[in-house]
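For reference, chains read A, B, C and D in written order, and residue numbers begin at 1 within each chain.
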Amino acid sequence: MLINNFLVLGAVLFCIGVYGVIVRKNAVLVLMSIELILNSVNINLLAFDRLWAESGNNDGSVFALYIIAVAAAEVGVGLALVLLIFRNRKTIALDDLSEMKG
Amino acid sequence: MLLASETAAASGWFLAHAWLIPVIPAVAFFLIIFFGKRLPRGGSEIGIAAMLASLVIASGTAYQWIHLVGSTEHADAVSKTVTWFEIGSLKVGIGSRIDGLAMMLLFLVAFISTLVQIYSTEYVRGDRRYTHFFASLTLFSAGMLTMVLAPNMVQLILGWEIMGLCSFMLIGHWWEERANSEAALKAFWTVRVGDMGLLVGTGVLLALFGNLDISEINTKAAEFSGNHALLAFAAVALFIACIGKSGQFPLHTWLPDAMAGPTPVSSLLHSSTMVVAGVFLVARLYPVFHTGLDINIVGHHFNLIAIIGGITVLIAAGLAFVQNDIKKVLAYSTVSQLGYMMMGLGVGAWMPAVFHIFTHAFFKCCLFLCAGSVAHTGSHHSFDMKKDMGGLRKKMPITFGTWMISTAALCGVPFFSGFFSKDEIIDSAKGNDYKVFFVVGLIGAFMTTAYMTRATYLTFFGKARGGAAHFVGEHEDHSHEEAHDEGHDKADAHGHDDHHAPVVHGKPLSFAPDDSPWQITVPLMILGALALVAGYLNAAPFKIEKFHEWLHSSIGVEVPEAPKFEWLNAVPSILLVAAGFAVSLLICKAVFGEGNSPLKGLTQRNALLGAGHKFLVNKYYLDTLYEKVIVRSIAHPISAAAYWTNQHILDGIVNGVGKGGKKTGELVYKYIDQGLVDGVVNGSGTTATHAGGALQPVQSGKVNLYGALLFGAAAVGALVLVLVNS
Amino acid sequence: MIQEQQWLLSLGTFLPLAGVLVMLFIPKKDEAMAKGVALLTAVATLGVGIYTLVKFDYGQSQKLQFFTTNKWISPIKATYTIGLDGISLPLYILSMVITVLVMVYSWNHVPNPGNAKAFFILMLVLQVGMAGTFVAQDLILFFVFFELVLLPMYFMIGVWGGENRQYASLKFFLYTMFGSALMLVAFIAMFIVTKNHATNPDAANFSFQWFHANAPGIARNTAIWIFGGMFVGFAVKVPMFPFHTWLPDAHTQAPTQGSVILAAILLKLGTYGFVRIALPFLPQAAKTWAPIIAVLAVIGIIYGALGCLAQTDMKRLIAFSSVAHMGFVMLGISTLTPLGINAALFGMVAHGLITGMLFFVAGSVKERYHTLEIKRLSGMLKQVPHLGWILGFCAMASLGLPGLAGFWGEFPALLASWSPATILTDSAMGNHELLYRVLTVISAFGTVLAAGYLLWLYQRTAFGEPSEEFAAHGHDDHGHSDIHDVNVFEWIAWTPLLIGIVVLGVVPSLMFKVMDPAVQQLTSVFGK
Amino acid sequence: MMLASDIQVAQNIGFGIIAAVMVLAAIRVVTSKNVVHAALSLIAVMAGAAAQYLLLSAEFVAVTQVLVYIGAVMVLFLFGVMLTRAKLGKDVDLDNKGAWAYGAPIALLMLGVMVYVLTKGFKDTKISVSGKGSNVGQNSLLSDKIFSSYALPFWALSFVLLAAVIGAIVLARKD
């Protein structure tokens, strides 16, 4: 099976995620798009892991696991932020947040 | 630091320590700045002491140089330098390089600076910036002496610019008034325009000769065989600097305005020393100009230097006729005389031109100081000859006497110093086959006498008017008719010297009880005496060639022998001087005198003469051209356009990229913003949230845009990487 | 190579971080304590800097001294390599001096909205980034430090800035980020290309030595592209026309301290990058780019000066003058001659001192008059004589008066640009001699314009009588103190700069001597 | 020489179907006008990813993916959606107006660059997904790795998680 199958799939997902980050205004949706990006990375990592697996190298899996963990943390904090912002401002549209005062 | 060269050691203490001459005033400058205010005499004592010390060393240097010249066949410049900085093969030293020319100017500057400082103690007494005044004067002397001593172009530029700075500070000494600060700025800018040439020219010299050492440049330029066009370019560029500094046409306009400064400043900087820096530069690098501009080539009757000098002689003399401000008459006279010097250098008469620097310094300085003395004591701090002067000769005998001697010297009356230098220039122009400039010189001599006669008449003869009347004790008499030339400058009438108390403080000399105090009259007498005798250092009619003997090694190239003096040759110029005097006196009597003459009010009656007069009064409209057209167009439309471009086009692009919507032109902007974006917004029925302003749609979603920018840049970057690597 | 005291540079670079660490534990309210610790750290850092100055072997300033190299991030071949030579020494020290002076100035000038602790921490972090950039001898390390300065500056402008601070800070940040993105791409591209072509690809790493040895061998066309990437990155930072538009906004909105650091050090990171990275590694591309750089530099000189003439705001005027002055620096660099590059390096330091000083003065004017509008100011010489004189002094220095530091940046650059390096003039590569000569003349005109706008500024603000608005201004509505002359903190902060301007102006060899051997070695890649 | 097992028809078909579902679902995530639909689509993508991991014989990762992502993260998301009172129906204000105009080109540009690089770089490099390798997918190997050479990052990660938990609590607390 071609490794490129997985890699291209990863690339497609990544770009869709990028598109989402750029286009979406709702903070939750932007977070979701970021999750897409992270997942695409994971697919790549595992595909490479498989490529090198014969030589006993499974760093890819380790990395993927770490990414999942970090992603979980990120979503937790991110959503907490969104909640906080929503409580204070009654909106989570990102453009309304562009006037953060220092 | 290493001693780069030490030819000086053997030649005598003064020659080896000539570097002290500028260093002493430079140190004095800092002393005055930091401690001057606490001293009883406000720092002037430091300044005068420093200048005296400099004068002593300069005199010693001059003595030893003369001794050196006398003892050897061909005296080379004595230089002593330490390495200033080194970049690769370019080694620039700082130190002293004494030769005849430098020696002469060292002495001159130190001498006149000393006198002027003594004069100033009285003249600016009680001024609110007395200390600053002396500090600036001292710094100026340091700068000028640094330049004169320069062994290389870099030190020369250093001194040159320090002088410019001091000129700026001193012209604008009374900066509370706008006119003064404007004049200071004008002076600095105009000179700076010329300095462009100095920078570029130095660059060309470096490229041509690989060195900035003056001796080396001169040697190599004298036997130059490379790209002549490039050398000519260098010469022209450097000459532009001289035009700016020495008030040559067409950059002379700053010099008359510079009279806004206190009179001692005018007499020191703007007549006798600083303004000759341009002439000095030409004389210093004479081989460059000589070779580059084809001076003394048989069959060439014109060259740039001579042409500019010649034009300057005539136009400035023309302008001197219509001035009412005595200082402005002298200022134009200075410009005209500087024109003589340039013309002299241009026609290959190096020695007479340099000699003219020497003699001119004394008599012109003296004239300015006389004008100051008149204003200080006689005319109630006014410089307006028509309103506040007249009939002062009896009351101010010393001032009058020295003025007359200096005027005679300036006019070139035989046996006065100016005769021996100016007449030599005119003679050499003829001898070196520059016929046109011979004629120009003669006309100039005529005009000089004429306007000086007018100024003398107005100041010292006739009836006392205004401030002078008060001083002389006559009642103010308004019955005298207004002069025929009515177009006096507004700026002339006021704005000068009315800042200090109107009381005369110092003690006058006993034999002239009404004249100015001794601090003023003593320098006047010294200078007047020198104006009388200085010419005998190089008096061709009497076969005295001391000056030539001391200085000729500084020329650097072969110039034609000065034509042998014959009284017969001098006859035309003497006759013209006499004619100028006679004609002018007659006209003055008629116009300004008591009687009723048909000449009065002629310019109002005759359209042609009126137009000519107006043309002169408006200084050939050059100032209008510079200020109204050139400067204003740079200062306003051009810079505004540049700034507009910056804000709208360049920044527009940036903002356009950054905000994603605002494109380069207004049109596109409108189209997208109003048409497309707003259309979408309207369509979706949420206009309310976006009604805040036209920019709202583009400003919103910043965070996403940054994402877009980041990813976009990454994508482009990756693409470049791929392309590079494939 | 001088291998002794390898720890010295690391200490000098990272010492401020120790201060930051301590400051984190100081309560926010205890401002004096925070300021004290910060200042102490900065002074200690400067002390290390001075020790470095003393220990530096001036006889071999072309060599990297206090050199140390270590593994850093081996997977991406980045190394921790630092060293100091004659080119970086002056800037390294300058950054430390400026930080100390800015802190002294900030002692009683913390801009709104206060919070001295954060402000001083940011300055210390900035110092790490600046010093690090000048000692880094590894591209990745360089890049990290280069970017490290962005963040504190972003906050400095964005939090403590003027009315339009958000826009300005964001513009500054994004603009420079954009440039550095391309720069990073160029770095990586250069790494990959050198690695692919090298005889010993396994030894490839990001240290400068590797590139010194291998990068000049890159094929010319590729090198031109890579140089282009670096060009954009550095040119934005310099800033060169037409990438300069962030500068006036950033300067105008930044607090005084930010402006000073920005003008004095941050702009130099770009030019330093050109001298340290772009030219020596890619000489083959430099030949092609030099004329372009020269033209842009001269446009910048004239354009910046014209921009100045159109300003009504003092600080904005000074900001625009930076564009012009950095144009001279870039002109010097673009000649590829030792003289030109020496001039450029000198110009960098001189501009740092002079323009930094001008921004200090502007800040103090703003503090006293609450405005920087040139129209409203007048008669400063009468009302605040010392401040007025200092402004005049700086204006004179800035317009390139010989005897003051500014001259040695401009004049040799002009000299050099008349006769650029032979590789730019030999006919095989295209003869640019005439171009450079025309540029020399045009840029000489820039000096006239410089005199124009600076003296114009000076005349309007310092000469004349104080304007009525402020003449009787004992106290303003907010009960602020009256318009007073230079105070003691200002004197302490300014005197070293003023002395530096004079000393460097009178004894330029202080710097030329240090830089020249290094520059000679650098330009040897361009032939004679 | 190519064996039938090298072609791995079944795996390829499986991959294709799952990939198609993932891509479609992903597109829905970024285009849906309904937040809840978007979230649900994201679950589909996550699940598909887990399936792909299985295909790559990375069972442990796949299971983690299901547990963490689908089990925890998505629940969080749905909570977030509800707590921020998003409309359950269509919502017109989810996107930046006109952002697609530059979003899509950038995304496509990136995609183009990546696909080009990948196809050029890996051409027809193959991987075996039959799970026949000696040490493929062995969880013991994975754990060995994590707790030996990656032990330090593992600790660091624990701290990150702890910090995130505390941070989230601090942020989201009402008082």
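Convention: contacts are C-beta pairs under 8 Å (C-beta built on N, C-alpha and C of every residue); 3 or more make two chains touch, one makes a residue touch a chain.
All values reported here derive from a predicted model rather than from experimental measurement.
Undergrad: Could you tell me which chain lies farthest from chain D when each chain's centre is the average position of its Cα atoms?
TA: Farthest by centroid: B.
Undergrad: Which chain is the middle one, judged by CA centres?
TA: C
Undergrad: Centre to centre, by mean C-alpha position, how many angstrom separate chain A and chain D?
TA: Roughly 7 Å, centre to centre.
Undergrad: Using the average of all C-alpha atoms in each chain as its centre, how far is it in Å between chain C and chain D?
TA: Using C-alpha averages as centres, the distance is 45 Å.
Undergrad: Express in whole angstrom the distance between the two chain centres, defined as the mean CA positions of chain A and chain B.
TA: Distance between chain centres: 73 Å.
Undergrad: Where the centres are mean C-alpha positions, what is the separation of chain A from chain C, in Å?
TA: Distance between chain centres: 39 Å.
Undergrad: Give the residues of chain A that touch two or more other chains, as numbers and ranges in rising order.
TA: Those would be 18, 22-25, 95.
Undergrad: Pull out every residue in chain B that's touching 2 or more other chains.
TA: Within chain B, the residues that touch at least two other chains are 700-702, 704, 708, 711, 714, 716, 718.
Undergrad: Hey, what residues on chain D touch two or more of the other chains?
TA: 93, 96, 99, 102-103, 106-107, 110, 114
Undergrad: In the complex formed with chain A, which residues of chain B make contact?
TA: Going by the criterion above, the answer is residues 699-705, 707-708, 711.
Undergrad: Note which residues of chain B are touching chain C in the complex, please.
TA: 83-88, 90, 154, 157-158, 160-162, 165, 168, 172, 175-178, 181-182, 184-185, 188-189, 192-193, 195-197, 199-200, 202-204, 206-207, 634-635, 638-640, 642-643, 646, 650-651, 654, 658, 702, 706, 709-710, 713-714, 716-718, 720-721, 723-725
Undergrad: Residues of chain B touching chain D in their complex?
TA: Those residues of chain B that touch chain D are 660-661, 676-677, 680-681, 684, 686, 697, 700-701, 704, 708, 711-712, 714-716, 718-719, 722, 726.
Undergrad: Can you name the residues of chain D that touch chain A in the complex?
TA: Going by the criterion above, the answer is residues 8, 11-12, 15, 19, 22-23, 26-27, 29-30, 35, 38-39, 42, 45-46, 49, 52-53, 56-58, 60-61, 64-65, 68-69, 72-73, 76-77, 79-81, 83-86, 91, 93-96, 99-100, 102-104, 106-108, 110-111, 114-115, 118-119, 122, 124-129, 133, 135-137, 141-142, 145-146, 150, 153, 157, 160-161, 163-165, 167-169, 171-172, 174.
Undergrad: What residues on chain A touch chain B, complex-wise?
TA: Where chain A meets chain B, its residues are 18, 21-25, 30, 94-95, 97-98.
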